[in-house]
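Chain lettering (A, B and C) follows the sequence in which the chains are written, and residue indices restart at 1 in each chain.
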Amino acid sequence: MARLGPVVVAVALLASACSTGGTRRQVTVFAAASLGDAFKAMAKPFADAHDNYGVTYNFAGSQQLVAQVQQGAEADALATADQATMASVPAKDRSGAPAVFARNRLVIAVARGNPKRVQAVGDLARPDLKVVLAAPAVPAGKYANQSLTKAGVKVSPVSLEDNVEAVVTKVGLGEADAGVAYATDATAARNVDTVQIPDAYNVIAEYPAVGLNTGSQRAGGQQFVDFLRSPSGQAILRRFGFLPPK
Amino acid sequence: MTRRPPLAILVLAGLALLLLIVPVVGLLERAPWSQLGHELSEPEVRKAIGLSLVTSLSAAALALLLGAPLAWVLARVDFRGKTAVRALALLPLVLPPVVGGVALLFALGRNGLVGSWLAHLGITLPFTTGGAIVAELFVALPFAVITVEAGVRALDGRLEEAAATLGAGQWLTLRRVVLPALAPSLAAAAALCWARALGEFGATITFAGNLPGRTQTLPLAVYLELQQRPGVAILLSLVLLALSIAVLFLLRGRWLSPRRA
Amino acid sequence: MTLRAKVVVRRGEFLLEVELSVDDGEIVAILGPNGAGKSTLLAALAGLLPLDDGLVILDDELLEDPVRGVRLPAASRPVGVVFQDGRLFPHLSVVENVAFGLRARGVRRADAVAQARASLDRAGVGDVAEKKPTELSGGQAQRVALARALALTPKLLLLDEPLAAVDAGARAALRREIGRELREVGATRLLVTHDVVDAMALADRLVVMEDGRIVQEGTPADVRRRPRSRFAADLVGVNLLRGRARQGVVELDGGGQLVAADAPPGYVFAVIHPHAVALYRHRPEGTPRNAWPGLVASVELVSDRARVQVEGPVPLVAEVTTAAVDELRLTEGGEVWATVKATEVSVYEA
């Protein structure tokens, strides 16, 4: 029985060595909800290109993510859905300056087949339509309001959702007739068709990303941010409907 | 009985107390008290408080109205599949609230199983105050069922037998013997349902949506305000806290043991 | 108001099968050990438990007949019940409790309260009318319960161990009270008890039950003189043996023989008072023909006497002086001989 002691210790050392040295370190990335699908698709290519890193994501509304960082959450990289939210990240938490890696445009999401015959932005003011928007506190909501103001359209939404995915979901479920969301969300969803909003009325969202120094994998975080702007990263973003940075 | 409990128990109890008190102290400390008067008179805030009171009280009343009879049946009637029914009654406790909200959409939404019929009758629930009440009812119902079932089980039927020998029929016995005996349980159930309904977020925003004055209850207002104006969020949280304390006050002395004469 | 009942109730393994009648003016006490089925019988008569078979006729009114599908629910029967635990409604005052049944009948509130007060006065507890049940003593609560049942002038009054929940000090007084009230009531009265003093004091006729069956019926004096069951014998405090008698000798069921002064032939009960049993360390010489060996199972000192339980082929309880216990050095497990004079044995047919 005494023989077992050293063996156990050896196995324990080996196991801990394996978990730190040989296999992956995890990069923690905080990202806006609308980047969800695209970022998840990037995890494997990123890991393949940087074989020391796996990626752990935390998707939420941009405001919420920044609040978490301010409260001391540990993250290695942050990607938000607008510049203003990114700007409220304290400089001491950032390792570098944020840079835009993708853009997104607003579209009108309607149920498959467009049963209510929504043709243009002006139709959103129709009293027979149930329109949902994201809440003004959410970047997508803020942009939607800006876009509607530019178009001079007064909309009475039936709900102000706390994240843009909920907007698309409710349209897809048939509860709402139309919603204003990102092109990427509409592309990803089932049961949803899109109606374009002309450039003149559109508000292009810009997605900045920056490495953070609040987590344990600072270098990994920076590498992730660089990956976003790399050709492989950009290709994936394109697939999901994002526009390239200017 | 004044024997002091063992030290270990006191220490753990103290930790529990700390866990409960410190966040509250945090809220109280950070609140911008000077703005209290101004913020509370803000229309959005008042709308949220008023709406919350209306929806939570309605939901609690409905939860009692529907939950108490179900609790009675579960406690007194033997039927096949009773275990399944009881599990079903407790489902909203286990379901994540957002999932609950989605389930409600599937059932009562415009294209829902029952919702489509309601729509024909001109009744819409999503995006309405009624929908907020239904969402809160959904999450509060299990509390009514659990609390009242325990109360009914505690009634050992002896008083009801006595009433029968005195010539009282079922209905009279229910009114004059059973309900008074159940009063403590019903009160506790009402308070718990109200507290649960008041604090509900996920099911409400998913099923009823979020619109100030119509569906933006206090928890929704707090969540969305946190991102823009933390001060207001804290104040609103304190309002919720004050309401919760009111609930606890109502429940005082009845938390675990309904008073038995 | 007469009661004729045949009650057959099956509860799991237990079978209650009893035929009973109570005549106008009689107070009958059902006596028996726990588990005899006494409370089950009362519940069945009250309508709280359905019969599996049998018949209940009260004053020529058919209350229950399972074969013909007739069953009056408890609320429709003119039967009043006083429960062992009183069962006063805790949230109502005493007078509201007593008025409850009247109100259930549709009597107007004012009239019901007046009648309730009258009932309370008759029961001697008019002064507690405004109190709540929790404020009453055990004795007061039972009297209120009785007043509540009597307020409805039932044709049959059932009392389930009415004195059981009352402490010893108040019992004697309550027993007298209840006795008085029961005699004044113009209803058929049936009371259940396991206390022989209650039974003897309150009843005209005793019915002894054991294991769901009636084992003896008779006046209290009959039962006392000639107990026909272990329970009755224990109540009265005598030894009861069973056997087959032939020419003055009883072949006991448990083995052994008993010689009696006179014994009718056939199956018999033999009663021996404990003080007629003499104990010896060794087999005695001389006349007693009834002598049996045994082991001392227990010695119980009761003031200046001792009750000694002897186990053996003929189990007996002997009552001797404490001096005798010392002289004989009687201890548990010790060997002893018990003798009884033939003239001290009372034998009657079973």
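Methods note: contacts are C-beta pairs under 8 Å (C-beta built on N, C-alpha and C of every residue); 3 or more make two chains touch, one makes a residue touch a chain.
Everything numeric here is computed off the predicted structure, so don't read it as measured data.
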Required steps from chain A to chain C (each step between touching chains, minimum):
2
On a CA-centroid basis, which chain has its centre farthest from chain A's?
C
Chain with the smallest distance from its CA centroid to the overall CA centroid?
B
For the pair chain A and chain C, the C-alpha centroid-to-centroid distance in angstrom is 84
Take the average of all CA coordinates in chain B, do the same for chain C, and state the distance between these two points in whole angstrom.
53
Euclidean distance of C-alpha centroids - chain A vs chain B, Å
35
Can you tell me which residues of chain A touch two or more of the remaining chains?
none
I need the residues of chain C touching at least two other chains; which ones are they?
none
Inside the complex, what are the residues of chain B that reach chain C?
158-159, 161-169, 172, 176-177, 180-181, 183, 260-261
Touching residues (chain side chain C, partner chain B) in the complex
46-48, 73-76, 79-81, 83, 85, 87, 89-92, 100-101, 104-105, 132-134, 148-149, 152
Give the list of chain B residues in touch with chain A in this complex.
105, 109-111, 126-127, 205-206, 208-211, 215-216, 220, 223-228
Quick one: which bits of chain A touch chain B in the complex? Just the residue numbers, please.
61, 63-64, 67, 130, 132, 135, 137, 157-162, 166, 170, 173-176
